[in-house]
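Here it is, the structure in full.
Note that the chains are named A, B, C and D in the order they appear, and that numbering of residues resets to 1 at the start of each chain.
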Amino acid sequence: MTMTISEAFARARQENRAALIPYITAGYPSLEHLESLVKALEAGGADLIEIGVPFSDPLADGPILQQAATEALARGVKVQQIFDRVKDLAVSVPLIFLTYVNPIYRRGIDRFITDSRRSGVQGLIVPDWPWNEMREAQETAQSQGVAMIPLVAPTSTDAHLKDIRNAAGFVYTVSVTGVTGARSQLNHGVGPLVERIRQHVHIPIAVGFGISTPEQARETGRVADGVIVGSALVRVIRDNRDDPSGSAESFVRAFRDALETK
Amino acid sequence: MTMTISEAFARARQENRAALIPYITAGYPSLEHLESLVKALEAGGADLIEIGVPFSDPLADGPILQQAATEALARGVKVQQIFDRVKDLAVSVPLIFLTYVNPIYRRGIDRFITDSRRSGVQGLIVPDWPWNEMREAQETAQSQGVAMIPLVAPTSTDAHLKDIRNAAGFVYTVSVTGVTGARSQLNHGVGPLVERIRQHVHIPIAVGFGISTPEQARETGRVADGVIVGSALVRVIRDNRDDPSGSAESFVRAFRDALETK
Amino acid sequence: MAMMKSVPDARGRFGPFGGQYVPETLMPVLDSLTAAYREAKVDRTFHQEWMGLLKEYVGRPTALRQAFRLSEQLGFAVYLKREDLNHTGAHKINNTMGQVLLAKRMGKHRIIAETGAGQHGVATATAAALFGLHAEIYMGEEDVKRQALNVYRMKLMGAEVHTVHSGTRTLKDATNEAIRDWVTNVRDTFYVIGSVVGPHPYPMMVRDFQSIIGKEARRQFRQLTDGLPSHIVAPVGGGSNAMGIFYAFRNDPVSLVGIEAAGDGVDTGRHAATITKAERGILHGSLSYLLQDEDGQIQPAHSISAGLDYPGVGPEHAYFHDLGRARYESITDRQALLAFHQLAEWEGIIPALESAHAVAWVIQEREALQRLDAKVLINLSGRGDKDVDAVAAYEEGI
Amino acid sequence: MAMMKSVPDARGRFGPFGGQYVPETLMPVLDSLTAAYREAKVDRTFHQEWMGLLKEYVGRPTALRQAFRLSEQLGFAVYLKREDLNHTGAHKINNTMGQVLLAKRMGKHRIIAETGAGQHGVATATAAALFGLHAEIYMGEEDVKRQALNVYRMKLMGAEVHTVHSGTRTLKDATNEAIRDWVTNVRDTFYVIGSVVGPHPYPMMVRDFQSIIGKEARRQFRQLTDGLPSHIVAPVGGGSNAMGIFYAFRNDPVSLVGIEAAGDGVDTGRHAATITKAERGILHGSLSYLLQDEDGQIQPAHSISAGLDYPGVGPEHAYFHDLGRARYESITDRQALLAFHQLAEWEGIIPALESAHAVAWVIQEREALQRLDAKVLINLSGRGDKDVDAVAAYEEGI
């Protein structure tokens, strides 16, 4: 049986650490790699796994994730293929999709959500789909048991924090104003931001954007319930074409170790 | 002794033919050629000789005479050198200068006319100096015994013909609207034009612009008192660099022969 | 004719179209922009400053006149609204003067913009220079190569030009990159969008700034003819010049016709006829029509005219199309080129290739328009000097 | 201030300058042109048609506005009259619309013109296209190479462009060749001269057509400031834009300053500072100042700005210089280039290199003008798009 999102966070909390949420792009380096990569992340210690459904115009992403999406699409990866592959994955940790609004809108919002649920996907992160624009989708999502993951940014207003009060899953906190991508410096304002969020919402709070070393993950894990690692992981996959899964696994393990020794 | 302009025309008239007026550009092919060319024209049967003082922007000239002026100036020919050379020429036929208004204006109108007279030049043809603009120059010219040669074009008005009534020298009739240059066809309207001029002025009437074969000269000579040959002659000089004088002489002789057998 | 509903609604919707599809990071700035714009809109000082600049700097009102030789050739009356006479050569500057004034009012010192052909980039750089603000312009690598003149013009005016190497390396990707910059530097940066696209309030705001075209044209046309045109024809890229001239006539009995780029032909896959295809989708912040595949991946657009070479279109045009308030037709590269030549020869006006699309449609429809005894007003959105090299190259290539 | 005498006199003289130094073949056509122009000048219909075209086709009145950032930089008020906003991008079209209308009125079907930078050629081709007349443009081989864009623009509008291979292969020789064509085809051909040069009545006629600039500017300036400028500064090639703005102010207490091109420097022999040298001579139909050697041979001019690259100047400027009614100063290539950049950066306006000479002089004289608390009006005679390639090439070459 696969854990739910809240079970996954609960387990980590029990272990007195933040949950580790690595991100990979479906179809990168190829769709065939998806299964072994997910297994490797799980083996490396992922608590949840974010799978990116590539979009042609990923305007919230930095160069590494843009490149991964572009290559995946250039290889001809289709949304239906991703659903099919994901459905066949036997993993115990929850899977979340990250994609952009147009692939969802185009497939049909209800259909995309239903297909997600059928493939075992428990949540959707859609960086260009603000909370207020997705009210209707929320209903379907709720009825399907798929969490529409709310995003919070350093610029977010209290009104937004109130709006997402009843969201399911977890809060995706964007640690910086900017796009995804490995950064050498952490934003030290993220602690206060997480505290601000906690005053309004009671689901777990994960932090992403720019976390690229175990040390940064450890620091973030001190304030947040979950730590999302995207570009740094995809870069490792990119740079180790011979053995993407092996290198992904040891990369993730280093993060898990860091989170455990907080 | 050199003949005057009217003597030269009178002699031709006595011989029952039109006067032959060849044109050459001073300094073309070089200033050294000026003397031998003038001699050759005289020997070939010229009744008057037109010497072009080259100007940088000869806007009444076609390509052949433009080219000759440009080359002469490129060699460094100066107006003073031309005066000096011309003064030393010992010719029996009258010499006429053809130039543009700016070299005259720049030297000083009175000075240019006086220098012309001193060099034995009996007339000035200045295609961009209309009769009405040169009133003041006329007085100096008259006092110096230099003829300012009036031009008449196919477009000229009767008023103009009246204006030039008291001109000295001869009338330079431009046979066509256009610039100098050899033409394969004669303008048959020139006969009536010459007749129109004769009703107003009583000095000889020469016709130029485009006369390039002895046959054309003969035809023109039937209506006019003088025939001017410019571009066709300069072309022969250009095309016979080995022997410009020899070829000029025989070229002119052919015209003279044609005029004699009218 | 019933009055049209006032759109967009408070959520930035034109019927089902529009909205605000941007990262959460940008939502607060969109709110404050909306608020600042609403204030500015009713502020006399702001309006006067903007109108003063349009008059004394941009050169408005632009001329409107019957194109007599074209009219004679076609057999009905054709009038031209001359946006090509604006400073910098196109309608784009009406909008950039407005947005940069607003940026100044909001205390933002850094201006960014996307550009395709470079016209909007030049117009933004111009407005920024005039107010002493720093401008950075995003432009696809392909367009930087094709439009070297405009790149140089922007630089001359002190703007930084960033070459975008991602994706199709054209306008779409320049826009992605501009949005990425905005997300990153949101606190001090004002993003000047170049057409009636993007998240609310942009489609509304750009329409309002461009609607000066139609306001002038309506007054001028009535003065000239004592009536209204039967048809108004304008090229549609993002749709700002078209909406700019349509808007003042929306409640008049006038046919509004938007002309998209059919490129090699709408069935060849190489075109930019977004509304002709009419497939809904979401890109660059709003829901509208889009060129896309069955997965919602954006398809590259193609047009000889760089300013029409965009896979989306403004949401208000999608709305007008849906309502039937405007018709949208398309014209191929070849037809546009022919019209480019014809207008130059008949009227002494070299139109922008974008504008040539509108002229081409009027020529194509001559018989129908003759029968209607039409009075056609064409929005000549820009001048063609920028296109002369491309046309020469294209024609040598044929 | 005494009223200035009305010039030219009946013989086309501005004091000693001017006249009609052309082949006899052309004298009758000059007479009929003078007569036709005098008639047209007092004909309400003609005037209205011309003014209508300027308004509805050319885009007049052109804007006039204070250049605030430039003013701030310099410490006194600088205003710009925006002739760059005219259709085709320079003041030249004011004149070509007038002359081509006159050609139509005189029943001439064939139009010829000389051109240097190509601006006058484009403006002539434009006017000819608008009236369906055939235009042939003479242009030196050097200029054809340097100004390929303008050559293409002329061709687009259906004009024939003749490349002139004689002499210096620039404007001077193009003019010679145009006059040769005119002498040849005088009966059906109208020669449209592009500046206040040539035989009478051209200097007067072109001045009159261009004086719309000063008429508008005077009215606009008074409206804006309730007064007059202290200085009016304009570039001088042949002198048409300068005379165009000076003329309406000739009886006002306003300093008129014409700026010639000093090229590499007035002492280098590579310049076009005709009036600065002030040597009288006769070229292209009138007596004025000329660059020439001691034999009266015309010397080649040099300027980075193709429109100033001419060894002569209009006779009325020689007259104004002689009388002291205007001052004439000169500006080097380098100074003009600097001003070209400065205006672009400070005001978002890329000036024609010609116009940049006027801006450069104002910058150069900033201290003196500050002390006078000057209000300077610059005639921005054209836009710089045409010069962008040349500037880039020049600067890479440095």
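Here are some notes:
Just so it is clear, contacts are C-beta pairs under 8 Å (C-beta built on N, C-alpha and C of every residue); 3 or more make two chains touch, one makes a residue touch a chain.
It should be emphasised that the depicted structure is a prediction, and the values quoted were computed from it without experimental measurement.
Once chain C is ignored, the contact network of the remaining chains breaks into A | B, D.
Computed from the mean C-alpha positions, the centre of chain B lies at a distance of 37 Å from the centre of chain D. Put simply, the C-alpha centre of chain A and that of chain B have 97 angstrom between them.
The distance from the centre of chain B to the centre of chain C, with each centre set as the mean of the Cα atoms, comes to 67 Å. Contact topology of the protein chains: linear, an open path with no closing contact.
Contacting chain pairs in the structure are A-C, B-D, C-D. Taken together, the chain C residues at the contact with chain D in this complex read 55-59, 62-65, 69, 82, 84-87, 89, 125-130, 132, 149, 152-153, 156-158, 340-341, 344-350, 385, 388-389, 392. The touching residues of chain A, counted against chain C in their complex, run 55-60, 62-63, 66, 70, 73, 78-79, 101-107, 127-133, 151-157, 160, 174, 177-179. The touching residues of chain C, counted against chain A in their complex, run 11, 19-29, 31, 166-167, 172-173, 176, 179-180, 183-187, 280-285, 287, 290, 292, 294-298.
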